[in-house]
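Below are structures written as structure tokens.
In the two complexes below, subunit A is the common chain; its partner is subunit B in one and subunit C in the other.
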Partner chain A sequence: MTDIAAPTRWKRLNLEIRDHMPFWQQSIAVAAAFAVGLIISVVILMISGVGLADLWNEFVVFIFTSPKNISAVLVQAAPLIIVGLSAGIAFKARFWNIGIEGQVIFGAIGATLVATYDIGPEFLRLPLMAIFAAACGMLWMALPVFLKLRLQVNEIISTLLMNYIAFNFLLHLLYGPWQDPVSAFPHSEQFESFERLAPLGWQSLNYSLVIAIALVAFCAWLLLSSRYGFLLNFVHSNAKMARAVGIRVALVTLFAALASGALSGIAGFAISAGIESRMTQSFFIGFGFSGILIAFLARNNPLAIVLVALFVSTLMIAGQSLQVFYQIPFAMVQLIQAIIVICVAASEFFIRHRIRWVE
Partner chain B sequence: MDFLINWLANIPGFAVPFALGAMGLIICEKSGVLNLGAEGYLLIGAMAGAGSVLSFGGYPMLALGIAALASAALALVFAVLVIFLRVNQVISGLTIVFLAQGLTSLIAGKQGWTNKAFTGLADLDFGPLSDIPLIGPVLFRQDPMVYLTILAFFAVSYVMNRTHTGLRLRAVGENPEASDAAGINVMMMRLAAVLVGALFLGLAGGYLTVVVSKIWVDGMAGGRGWIAIALVIFARWRLWRALAGAVLFGCIEALIPRVAAIGIQVPQYFVLMLPYVVTLGVMVWTSLRKDTLANDPSALGRPFVREERR
Partner chain C sequence: MTEIPDRNDASADGGPDLNGSDPVLTMSGITKSFGDFLALDNVDFDLKKGEVHALLGENGAGKSSLMNVVAGLYAADHGTIHVSGQPVSIKGPSDAQDLRIGMVHQHYKLVMPFSAVENILLSHPGGSYEQSLNQMREDIAQKAELIGFDVDTDKPVASLSIAEQQRVEILKVLVAGANFIILDEPTAVLTDEEGQRLLNAIRKLADNGNSVVLVTHNLSEALNHSDRITVMRGGRVVDTVLPKDVTPPELTRMIVGETISETPELSKVAGVPQLKVRELQASRTDGLAVIKNVNFDVRRGEIYGIAGVGGNGQGELVEVLTGLLPVTSGNLYLHEKGDITHSRADERRSFGIACIPSDRQTYALAGGLSVSDNFAISGVLNGSYGSWSRIDRRKMQSATDAAVKKFDVQGVRSRTQRAALLSGGNAQKLVIAREFSGQPGVVIAHSPNRGLDVRASAAVHNHLKSARDRGAAVILLSEDLDEIMLLSDRIGVMNSGAIVAEFDAPADRHAIGKAMVGHD
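Now for the complex of A and B:
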């Protein structure tokens, strides 16, 4: 009799669905993913020829030791916060608003319309610009949301196509009727001092930040404690169930989408009246994706949106100096954002699943 | 008449990227994976194509191959995200677009490929055939990719509808749970579909630089990926209808540079809006006519989670 060899025991990975993970564990998972994303980005930057010490200088020392740069980050953060809110409220209704850039463009067009044709008395000029901006942003959203609710046209593609249409319309205005008569450059004429958001008195800070914070407060109230926020949450978790208990899902979606368009429009106003003092050819670039990213990373929470927006804004300001001093294309900023989204999205897997070795 | 011949002769060149792109998307989406990253694959293919022509000093066909491979490499990231990690397919697709925008601009900028013209793929000349009036320039004076695209449509159509592999692919997109029970490896099937689809999308992107523009400019896909996605919806995931749609968009794109040339006074930026407006129109038209023979993959956009199989 010979011994029968014991069969080799193979360990294999087994995947289990996890129903719930405590909040602190989720936070650790997301933070770890965030760190991995940053490390990958740093490696890419180093391959592109920026040393580790330079990175430390540009991203930490340069930004956080000079009041001028801190204020630049805050100024840049204002429109980012607003587009983040815009994306967040649309995503809450499971309406994929990919057309933020188009709505930002139309917001700026609305504001510039008021400024260029001197509509209204001087003291009412800024509020009118803001209202026109919100209305134009909303208007630009009206068609996709109508098509979505009436004809089930996919809003991802329709809002995205509207971006290209808005951009070509912007070029039409800037190379045509709205071209700056003073310099003949393809941007609108400079806004008068009463058409710009007033400075707050510290560095370059201006009222766009106040507007952004007020909108955060409003959205926090709307999403977290109003009756509408409750309905929106219901639709977000289970639209079928919401319809079954008599919630008018289409109306809730319509409101969220239009509010999203209006917010993007106000972001366009904040950029043109708060940063550029005119409408340029490229003021909107990057805000669409950043808005989506901010809302995604902040899980549509208005308060978390502020934090993520500050991070993205730091990235943008540092990216500008990388562009000047190290010839790194500004697209690097977009690349870093995309890498971080991929890492954080991947971390969801570990939040929802448990991996175990079993025999 | 000259205008007409000139226009007709240019249509295939403009239609090929849409046709190849739509075909890649159909292969991918028939397996149940919603692919919103088309624009990204076009960009990476276009940049890789331009880059390899510039680096190797020619060999346009090789460049097209590299374009396809580069796109498949990017698709691998997407596939890992949506198939194995079950990340939301909308977010992943969008992120791939933005990743590709950043990556192509960074690499091309660093390598000095941006805005650098080169000689790409030349048109074929069939001798006397090409000199036939009207028919010659339209049918027999195109670049090789035009003819290869038509062949590819026959090949893919055959594989999808007449072979076992095609049946499995469609089954996975229709009902992954049943396919799994029938012994098909759902994950691997989807992985293959995403990668093969990306090969075609990358080829479409490479075509844009190597054959059409013969220069790389940042973001030069110009929304063609999104138009291809709309085309697939318009075609209800049917290959031949997608080809017809691609030809339609080829007609429009070939018309744009010719409108100004024949002296019609239209503001140029409104002409440039045309493809996007028509795409919107096509989407509305598609949703208005209710297709009873729905051909949509039922599991589109839904990750397959074996642990939750019932």
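Now for the complex of A and C:
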């Protein structure tokens, strides 16, 4: 017989499941995780030879005191906001769109098609480019969403693989029929001035930021106060229950997926007509990953997506100068993003659990 | 027989002597509070060798809390525990295991892709994987045979039924060497037939010299399958009695502190047929034909009970009626709407067909969303709360407040509280509040009292009767024959995917039972 004698009363840590955490505490937990991620990133950057003072200068002082840098951050943020919205609305329907890059490529192809073949009168050219971009992004989403809803094909695989098809089709166009006849480089002809998003008149800012803000307003309305957004919450939370209670889950999912494709397409238009003034071989790189990351960190909330996109954009711009002045590889910027994502993901654990001393 | 002395033979008197023998496990003066809430108030409980001891009480009476203390999951604030006369301190599940105390919880703790033998090995690691796997297999087979269990130990647990998974959990506890075995509401998730098999196995466990605590809120289980009954209410022990000394009404009074007795009360206003089901056939998504030939009418102002052993197509029938599962042939006719066989789920709801599903956490509530959202969803769908472009949150919330009050949903601290935090009975009341908000003409209720205590299930039954009395056609599917007999005006018996017999209330219970198990 084992006697369980208890001469000393040890204190030990106990892990308990938490039923509920108030919103403000959740916000603090996420903010704290974010801070931890930043601290880890700072340590890594310092180890790779950038002093603390230099980091402060590059990431805070130079960015926020120079109008040129502020505008660079905002210009970069516009397409990031749009891809963030694209990922956010798809994730809200639990449709895991990993194919944002492919849809961005097709959006740019749609816009470039209008520009290259001079479709429509000049004053309608830009709106037509935007519409074609949205339509092509949606088109590129149509096959995965059809496969998902009709045949239960996993959309993670199908959207991901569609990226490769899109990329190779892009190369075909740029090395073939749409190659720039002027320079003979593998990129499209430069857009005419009325085919580019006009400058806003302050630094390098242009209308892509206005488009991004308008789309944020649209998504905020759609997700937060329209009936569709209310139904989407149920599809997100419990699709079986949603179906049983009379929500047409397939229709709601279809709309979210197509909207996601259209938004990515518009992002492709914003990059090509707002930043590059043409379609290049590499304009889309990184937007898929960034979009997913932004939507995740912002918990699919359209307003939070703006903040996170601005943060990611600041990282990218500061990362460019780190690259130039300190020979830090650009991969470091992606490393920082990844560290912060992991920290915020880990904070979920503390939201769901509580650790306490017990006797 | 082996010469190795079993620990159980220490008392050396062979079979259990229930009235005379000293308790082998005693808990005295156990007190446990959570914040301001006193879950256990000076509770005494004991367990004798070879007995099945039923611990009876409503949801929240403190039964599970008490057992969690002895299993080492909760630390008591005060009180002592003696095992075989020695004072012990149980600081964690491993202490409990060393004392040979094992508990099977309501929610199973199994790794789904692993087989039964791997799951059991996981909680008792040691030796090389292959070796211990084989040894474990033998060990399990031996224990299983002792109590008449058959489980395929090499299939992934995910592919086992709930009843089989439960057996794995019980075997896990036995392999760990437990001879104090605590089963927390073991029959709540089982069908009648499976429950009966389990209760037989529990008896065998006790006959082998183990002591079993059967935590339950089911009266007949306690009365027919235990040696002693301890009743708890509000964190205290009301009394410990022998089953032969007590009648069901007395036991009910002990459980709820007052008499709740439900009496059958037939419909006065049965009218025209509201829903007609004709030669219905349907297959599950995996192609298996489960509904073979279902015909029945439900009139306005009556409750049509569908009795039957679980798994005879009841779940699929609910899905077909609500439009979630397509028919292969046959027709559904709704009064004034005509043929609705091919109407979508949302259309049927707009025609006034409401449903209270048996698995409310999966099919009736979105646990992560608020009480208010869960209540309002049906109203949002029919346009009661704002237009497509704008949800009227204020209207939604005042309607929620009114419904929470009217349907007596307790435990709602705020409207934004997640629905998952409601207890079973209150969650069910919320579902009923929503489903009844549109004054439905047809109500389909599938096992509406599953997991509810006496008081909550009486409330649910009253809601069904009041729906009937205002003229709704109510279809009640239940494996609980008592529930069917109590509420139904007419009773159909479902067997192997068909309605095989129909009775008018008051019906002969024996005849219904016969139709339930017949094979033609």
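Just so we're on the same page, the second predicted complex is superposed on the first by the 349 of 359 C-alpha atoms of A that agree within 3 Å, B and C clash if a C-alpha of one lies under 4 Å from a C-alpha of the other, contacts with A are read in each partner's own complex, and residues count from 1 in each chain.
Heads up, the rule we're going with is that a residue touches a chain if its C-beta (ideal position, glycine included) is under 8 Å from a C-beta of that chain, and two chains touch if they have at least 3 such contacts.
Treat the numbers as computed from the prediction; the structure is a model and nothing was measured.
Superposition of the two complexes onto subunit A shows a clash between subunit B and subunit C.
Which of subunit B and subunit C touches more residues of subunit A: that partner is B.
When the two structures are aligned on the shared chain, A:Ala338 is found in touch with subunit B, with no touch to subunit C. In the superposed pair of complexes, A:Val324 makes contact with neither subunit B nor subunit C. Look at A:Phe289: by the touch rule set out above, it reaches subunit B but stays clear of subunit C. Residue contacts after overlaying the shared chain place A:Ala242 against subunit C, while subunit B stays out of touching range.
Mapped onto the common chain A, subunit B and subunit C collide along 167-175, the only clashing stretch among 131-139, 149-157, 167-175 or 203-211.
In the complex of the two chains, the subunit C residues touching subunit A come out as 7, 75, 84, 86, 88-91, 95, 98-99, 322, 324, 344-346, 348-350, 355, 357, 362-369, 373, 377-378, 380-381, 386-391, 417-418, 421. In the complex of the two chains, the subunit A residues touching subunit B come out as 15-17, 44, 48, 96, 98, 147, 151-154, 156-158, 160-162, 164-165, 168-169, 171-172, 175-176, 289, 292, 296, 327-329, 331-339, 341-342, 345-346, 348-349, 352.
Residues 36, 77, 81, 85-88, 90-92, 94-95, 98-99, 101-106, 109-110, 218, 222-223, 226-227, 229-230, 233, 267, 269-270, 272-273, 276-277, 279-280, 283-284, 287-288, 305, 307-308 of subunit B are the ones that touch subunit A when the two sit in their complex. By the touch criterion stated above, subunit A contacts subunit C in their complex at residues 1-6, 19-20, 221, 225-231, 233-234, 237-238, 240-248, 358-359.
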